[in-house]
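Working notes for the structure below.
Going by the order they are written in, the chains are A, B and C; count residues from 1 in each one.
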């Protein structure tokens, strides 16, 4: 891969990190936390999913602690929320959902790819891709003592998992890596956006 | 060890995984989570104790992520609960307690043994064996924002710890490995079952 | 370093561990947990910050599981609380705050130094030093299903972070290691004690 496409990938990755950090910071402000709380939740939401993945596959120190730009980006996201949150809140929900779906797709695909590079079983790679996408938000909710939203609400982790499945399948079928990544990412993104738009939910077990 | 006894060990291990997964799934259904929530809690309850142990002793990727059959078994347990929970709930409590005590004994003994194989100090091996037994349930409770049951209720982690102590002691006294494992497992199992039957509890500090 | 100063360092480290363990045990008693709950919270509060740091930098098994004296000290702290908590509660708050600030300073400085030894980026070393200082208390609060205190209350993690920054800066300026450690520790300790005394708090984002 040439340097330009590497730069592009890094930029996209940092953009996803920034967005997740902003969402984590907004949750902290809503919970009335102080400046440090905003920073911690921005960091946790943006980076903990990838950190859990890296610890589990044995890639320590985790990528986001090897390259200071990830942590710095997360804290910039927290600072933006802290100082500008009245303006950020005015961004229409549709825009937030769309950007969040894009970041989710990116994280899920990147996590799946890294797991495959580390020779994990395809089934486990799907699991790790999903954790990369939703792990940060889960830890954020636990720190706020809320039952993690992904465990009870609509199609979110499911979209990440679907994208990971498509990516693993495409890779196993020897599709070119870029094609596999884009297919998986698109499936995740579209499934998430459409499910919000159409109010799709996962079934619940019927208590009889 | 010959292949037949290896197969037996794997079967027993997967049976324990399935049982813990079913219990995690039932907790998710009781908390009104959706299909994904049931799967996540089944996975967490069944496998996270062992995953924490493996990360702490440096055995990464953790065993349950190296062999896809563990994860698959956990998800099968979740699916069973999701589709059949009205029937599963009719299983008498005594049967559940007995099976759960058996799975706890199995996990505690297996966790202790692995820690000893990795040359951990006997005292730390007891700790890691206990974490293997109760770590999954603890994370399940945290995800449901409940104070972990093991921290406040009756003899559970204590039974795991007693089994681990017996196993370490027998190993240090050069007892045959199978004997050490069976003694430790029996102590854990019997202590747990008898304590439920006799309503034993750990003492609490008296607030004076 | 000669043996005497090594012994001194170990003693100081174990003293900090004991103090954090006592604080964790007191939180468990206040939450009406049983003997095991007291032990688990003592362990978590005293050692989990350092364990997270070690897992993240790839130093596994973590130092506190390699040397059984750390775990033993944590459990001694738990036992002291369990049997003597009516007396411990009579210790004046000012003494507790001062001792706690000293332990926080010690953990933050030790964590930062270890991260630097493992060649982490200075920015990440500050983060890991802070996690070493406050990680245990955060996990304790999560186990008690409380929003972690460090996320919402006064200058605590901030003091740890300030001490870590001073230590990293002094190290980069080629100050002697002992000088760097003592400067960082003093800044953390004084900032914490003065902030309690003067009721300093971090700003919150103004909800407009």
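Here are some notes:
Here is the rule we go by: contacts are C-beta pairs under 8 Å (C-beta built on N, C-alpha and C of every residue); 3 or more make two chains touch, one makes a residue touch a chain.
Keep in mind that what you see is a predicted model, and the values were worked out from it rather than measured.
Chain copies chain A and chain B are related through a rotation whose angle, from the C-alpha fit, is 120° to the nearest 5. Counting every residue number used by either copy at the chain B-chain C contact, under half are found in both chains.
If each chain is reduced to the centroid of its CA atoms, chain B and chain C end up 30 Å from each other. Of all residues in chain A, those that touch two or more other chains are 55, 142, 145. The touching residues of chain C, when paired with chain B in their complex, are 28-29, 31-38, 40-41, 51, 55, 60-62, 65-66, 68, 71-72, 81-83, 85-86, 142-145.
Residues 55-58, 118, 120-121, 123-124, 127-128, 138, 142, 145-148, 150-153, 157-158, 201-205, 207-208 of chain B touch chain C in their complex.
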